[in-house]
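Note that subunit A is present in both complexes that follow, paired respectively with subunit B and with subunit C.
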Partner chain A sequence: MPKDATHAPDTLLDVRNLSVDFRTPRGRVKALRDISFPIRKNRIIGIVGESGSGKSTVLWALLGLLAKNAEVTSGEVRFGDRDLLHASEAQLRATRGEEISVVFQDPMTSQIPVLTYGRQMRDILYRRPNVTTVEKRRMAVEMLGKVGIPDPDKRIDQYPHHFSGGMRQRAGIAMALLTGPQLLLADEPTTALDVTMEAQIIHLLQDLQKELDATVVVVSHNLGLIAELCDDVVVMYAGEVIEAGEVHEIFHNAQHPYTRALLECDPARIDDVSRKLPVIPGDIPDLTKPLSGCIYASRCQRAMPICRQQTPPTITRGEMSLARCHLLDGPHHDPDWPPPLDVMTVGKGEAGARKPARVKRDDPLLEVSDLNVQFETVGPLRARLKGITQRHVDAVLDVSLSVAPGETVGLVGESGSGKTTLGRTVLNLVPARSGSVKFEGREIRNMPEGRFKPLRRDMAMMFQDPVGSLSPRKSVRALITEPFQIHGISGVNLDDEAERLADMVRLPKPFLSRYPHELSGGQARRVGVARALALNPKLIIADEPTAGLDVSVQGEILNLMTDLQAEHGLGYLVITHNLPVVRHIADRLAIMYLGRIVEEGRTAEVFNRPVHPYTQALVEGVPQPDPDRRRVHVSISGEVPSLLNRPKGCDFATRCPYAQDRCRAEKPPHVTMADGRRHACHFPLGQ
Partner chain B sequence: MSENPSESETGEPAVDASGLPDHVTDADIRESAARERREKLRMFLTNWQGVTGLILVTLFFASAIFAPWLAPYDPNALDVPARLSGPTWDHLAGTDQLGRDTLSRILYGGRVALKIAAIGVSVALVVGLILGMIAGFGPRWLDNLLLLAFDTVRSFPTIVLALAMVALTGPSLGMVLAIVIITSIPQYARVARTATLTLKNTDFILAERSLGASMARILLHHVMPNVVGPLLILAAMDVPVVVTVEAGLSFLGLGVLPPTASWGTILNEGYLVIRDAPWMVIAGGIPLILTTLGFTFLGEALRDIFDPRMGKGR
Partner chain C sequence: MLYYLTKRLGLSAVVVCLVVLVLFSLLHLIPGDPATIALGPRATPEAIARYAEKMHLDEPVWRQFMIYVANAATGDLGLDVFSDRPVTAIIMERIGFTLALVGTGMGWAMLLGIPLGCLAAVKPNSWLDRITGVFSVGTIAVPSFLVSIWALLIFAVHLRWLPAIGAGEPGDLGDQVSHLILPAFAIGLSWVGYLARMVRASMLEVMGENYIRSARAFGLRPRRVIFGYALRVAILPTITLIGMGFGGMISSTVFAEIIFARPGIGKLIFDAVTARNFPIVQGAVLVATGLYILVVLISDILIAWFDPRVRESL
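Right after this comes the complex of A and B.
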């Protein structure tokens, strides 16, 4: 294959000195600067980095599919004896799909909705006129079978909307592999999927790579996924490769302070539950400005004066291992760096008061009992015409839950489990069918908006999308002070209040005159917290408070929430799918599946001794950022069934590894155990 | 570009105690908004269509507003000996069959066009915006009812509707205005409704509801600023349509009444004598063409710059 003598024989693709600029109205953004790394044959290589690190830009540069305003300023990408950066458009087209193919992040938008899979896969093989249509179909069916789609010869004639999310991603992988490419690029292949689905896709990719001897490049921000899947790892920060190496080297003996910090910030890795998460302070530098010295110096805990002036040396260790840091070599070499793994190199935010012992009061702040929420699926007229008797689906079914003042309750579930609906129902944004929602002892379910409005001062919500939940044409100052105007609170100086709240959430005052699109995710989240806190509420419902935030930033937000709770005695209902995070902040956990709470109890107990098989699957489903702790098997298969065909018996029976006949016939009631835990399982584990 | 001194020069840590970078200074933030505005202005000024459009539109406004000072003669003053003359030094654009100066009549006719365009489009815009937002945000039955009304109005051909109305009430400037407003409300309302519908289920509207904001507040403070941009561009592109509708109705004798000068009546009168004096039709047509081009160019340039969907690349 490679004829170039300078190539190591096992290098499939070699990225050398790649630099890419983006021309934007703000000036030239130097998105990639002098990137070099080899992609070795028959290995899975992971490119990891936070948002803005340029990891996706590398991927698109390999394929020559950069946006129009991008400009490759230097470098080459050697693929065999070709340079892909300077290849003609015709040559590139011949390479894409045939020799290099891509698995996209979102299978929802990357497949053609109006063509069947059979047609789409036949089109992929259009460069092979001597293969008959029948043969092409046979190849497609075979490939669909390989990626684990049941009945591939029937399902191939279905459209993408017939497939569920996980199935679609499997089909996406099948399409990418159909031409037998030498190199498979996967851009955040599991980000759009649930935890239990993620584990299945990881294993699929691993198996296929072994079976087909393919080379795979995975781009991800998820350290657990990288540790579980990859052989080689490239760590990127702000458009530079700061460290590269084999997976064990990176995860067990990280050389660069950023890699170290990134690993320490991953909540899945931290074993002691301390309520305070480590953070990397600061932001990614502005890439439009001239840069000098080490790119990470402004956030590095070990920064020295030289780091700001001089580009750090590149220390190579092995075939592809390298790290760029002054600590490792040269006059500022520190023989004690890196410290042993159990020494923390990053701070945990401010020296935080541990959570004060809670005043245990008998009256809960929020008490939900037997709540049911239904959504209409067919109109009354159509149901009559078509003879459908069941016009509604149960989004939330018999949910009971309570939150005490000063307590954090985590509500955990996969997408479609009804957890967000439950949060919105509590806030009276979605009407409930039956049951009761009590706030400080007052029944508030389906209260008319006029009477409910004063209560909104006591209950606030943080929304999932930090930037999207801020009105785009309002300044931060106007957004923060809006609650005062809505509730007609006079006698306060709005400017003073804005500054007080900005201080409270540690948002620098100059940001008050910014607009939402000028904020980073973490800053926008702070604004959301400030808005929620403006009127001194008693209860905050936080919907995925860390969604869309980088690992290094999510700690800051969670620490802030913890501090504010200690200060104001807030009750939190944290809605999330992210188990590692919720484990650090929640006092109690409620696990939801298909709109029902299947298990509820104290966080540590739920984690250490799960009672419900679903909880067990969730706990085991979190990929660990440690290549030595790779899972050998996936505990549950399949996907969350649609709400439209809720199983007759236990909701989880279709996927449960321990399911018995009784589970399929009879819905398990909620049982309270001796230690106060509640579960809904006929055959609880460990009993 | 204000350089920030703390980072590169002093070598001090660029991170303050709160964990946020201090390289974001006060000046930087003010600058970021100002720079974006400057950038848009620069994009506009380098767009030849936009600049041409702006010049033509400015000319249109200026000529209409300053017509009494610019016009060499009274629009209705007769110069019988020079009637139906071509362009001469006395009458730069010639005269009509009564010997009235065509240039003066065109300038005064621009005032009619401006009045119709400014009042007609702005009233239609405001009413359309309000109705559209209510339709998009309100209950389903109200939406359906309003849509039915919009579609009913749109289904009338403008000219036929005008003919019928004029037959009932007689021609007048007020009638033309009413017709223009009624027929253009539905298109603004439709656009506003669609934009509101896409906003209705976004997180930030839900966030406002969770804070207890009233419907009026949500519509006025949070929906309108996000909806009004495309509508203004639509309005700019709608002005020439309105101007030609007025000219067309006046041409048919259904618009402004003689002797008031309007571009339509000039064309109408010129049409009668086109074989003997083609100058009148040409002179009356040029401002109409230039205004149409001007507003179309301006509207398209504005859309190219302010509509993010038209942007190139990521």
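Right after this comes the complex of A and C.
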């Protein structure tokens, strides 16, 4: 884009040739290189890209709030007649929160815990000296009401920890909109939220944008969210904008091979679960090294020799549409590119290598029946003093579940539904109150640790946060052989074992001498898998195996898990809230709500014909990566009640669109249907 | 809250009882006749007999303990061996001096140390931060009795700016204040270092929190962000430190009071120990313990007041 281009009148903010470096001990990280894109008035613009592509850096650069070690090396950000990159601190402060405001990724950590919302919102309005405190409060209450906080005039005096995650994000939106900004920036606004909450927040943003005539920038790596919410899309890769355009252009007629690959990798888009998930092999390039040619060349499925030498041309289509690739113009122009959307351009998605048809065995590996787990919430003395009679909450209530060898069972539910507790109880890390847990037919519930320990070899856990659960001072080699030491297994050659395991999880040998902080998210996850596999377990309990991974890497891990299952006949219990993911790997699904399993059955059936209203809400709650399939309404409202006040009748009655009087009075029992599906609903759907 | 207070007061009572028990056992563990030990070798036989009766020494030890505790509960800590005056009255005369000293010492340390730590954290690696760092390490390393002696030598003896010893004329506030300056300086100095370091560390941590970035992104003024947001959270661990440090502060008053010849609990205990005046030692240690427990309680309540999450978990 030429420097002197006068921007169109409907451009609110124009980013031109922005480059940002970070000074680090490893050298200069060229985090943004020559970024240009317009933000058009009254539109919602989405910025997508993998982790580390520079999405957040763009947002912080707009606000002048880059980290201290950042240096803007070129460019300008035109906002009206100002250049925000070269504005004074005082000017910027007048812009931040007033004309440009932000909604943050994690509402749990981005709101100060020791001040009430009233106080925080009054502080934001500090630039209005002639508005009285009473008036400011009224404005804040009104805004809280607008974003859907019930009883705003009472709740405004509460602190962030009194609000649930979804409510906090609503309050965060209210804070950002309080001053009536022209531009609202939202950095991963729903990543920290559950599926049903996410759908609600997406619609809230959409409605507010229309109502307030605001312009919104949403940063996300969730393609579904972008397709559902945005008008314009900017695709970033490794610090460059590689493609931009209107949402339909991007999702239906993507020009750049990377955009294509991203779309093809999204599990939400792939209906054929018999194939492996496609992946984009390789990693994002090291931005401290000198870069030349096309930034995507090392991973591109169409890379040509010229790609590594020459910067690709920028092809502009419309007002804001652009793509940078040699295939689109110049001597290497390929008139057949891009192929129609149903042609896969990344790794064909090999068929067949999926699991062999399982022999139906009678004896399950794991069998949980009527399991109950309670947690104490108040001590006996305090309960006496405060007159509390209900000292416990039911974290897991009457759960029955089984996993056969070679089978994958997905356990799905929102946060607080008891999924992780169930997993931990099976592993005897949490005492159960009643019920039974059988492993290979043997009762193991509340078994003393001494007797249970040998069983831990047969059942392994894959933890949710791979980097956090790996000791930072141990090398990968030490980490993956640690289980041998924990179980005091001698007589094995640890080096051989380390290599065998690294091989199994396709981790290149040189990685064995690295330390956890030197691994990417996907590699750390592999180490987690290797550790779980070390002692040849029969059952693996995987807690959110792909949380926080990019779509391109997520597929790798899921494919790896499937391969290992086929090779070793492992049984998996996959705990997750990510429906598209379990849909690809699970044979059966169990849906949990407030500690109870509300529906259980074969994955395809549960997806295609949910019988429980909650399952239906979850399935419909997944945003589709297709702007033509936007949902018009949110299927369920409200949020998960606290375990402390479990509804008397059906747990879901407070949110269920079909709830009737009976639901509020009686708890629906578990019913097994003719096809083996089980549910807990008085009025199952489609019956 | 009520539950919390009840629990805390109950625990405090237990701690106080344990302290009394230890003090008691000490007296009885030393071989020989407790009365002779308590009164020292110079005591007359009549005094010993009177003491034995007064202290119920003919009763079994546990009875004596019960009697002491019961009396202490009503404010009766026994009689001074030498003057026969009630121990409580003697302590009450002195305690004001100690409280003034500790209060002033901690007060100036807080007034200087907390802002220093804050500023150092806001501009890490600036010259102010470096100076604060060196200063903190220096003052923490020097024991307060050395500071006392040097301060006395420099400011009182050599420069003659301030009075050297005593607590000043009763009733003359100016004189009392001028007598307070040097000892308060001496016992507070290392606390400036402690507090600056502590506040700096927790401020640095808090300044990296997401909610500080949010406050900035909403365009709040730096002053408001630092003092209204960051310090409000960063101060919490410091309050606990101050509460706990109070005990150390009381022990450093012993030196300061001896060196500056100030009346006060520290000096009282020291004199009583040298003179083997047991009822005074017992009483004074008990009162000091009580004070310490009270201060820790106050600091916990302050934290609860600053932090709603703590308040609600009480």
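In this text, the second predicted complex is superposed on the first by the 676 of 687 C-alpha atoms of A that agree within 3 Å, B and C clash if a C-alpha of one lies under 4 Å from a C-alpha of the other, contacts with A are read in each partner's own complex, and residues count from 1 in each chain.
Just so it is clear, contacts are C-beta pairs under 8 Å (C-beta built on N, C-alpha and C of every residue); 3 or more make two chains touch, one makes a residue touch a chain.
In this text, all values refer to a predicted model and were calculated from it rather than measured experimentally.
When the two structures are aligned on the shared chain, A:Gly245 is found in touch with neither subunit B nor subunit C.
Applying the stated contact rule after C-alpha superposition, one finds that A:Ser469 touches subunit B and leaves subunit C untouched. In the superposed model, A:Gly46 makes contact with neither subunit B nor subunit C.
Ranked by how many residues of subunit A each touches, subunit B and subunit C are led by B. Contacts of A:Thr95 after superposition on the shared chain: subunit C is touched, whereas subunit B is not.
Interface residues of subunit A, counted against subunit B in their complex, comprise 25-26, 67-70, 279, 281-283, 285-286, 292, 298-299, 303, 305, 308-309, 349, 424, 427, 429, 449, 452-453, 456-457, 460-461, 463-465, 468-474, 482-483, 486-487, 506-508, 510-511, 513-515, 518, 528, 531, 556. Looking at the complex, you find that subunit C touches subunit A at residues 2-3, 6-7, 209-221, 224, 228-229, 232-233, 306-309. Taken together, the subunit A residues at the contact with subunit C in this complex read 63, 65, 92-98, 101-102, 104, 106, 109-115, 123-124, 126-127, 159, 161, 175, 381-382, 385-386.
If you check the complex, the residues on subunit B that touch subunit A are 7-8, 11, 13-16, 18-21, 23-26, 28-30, 32-33, 35-36, 39, 202-204, 206-214, 217, 221-222, 225-226, 312-314.
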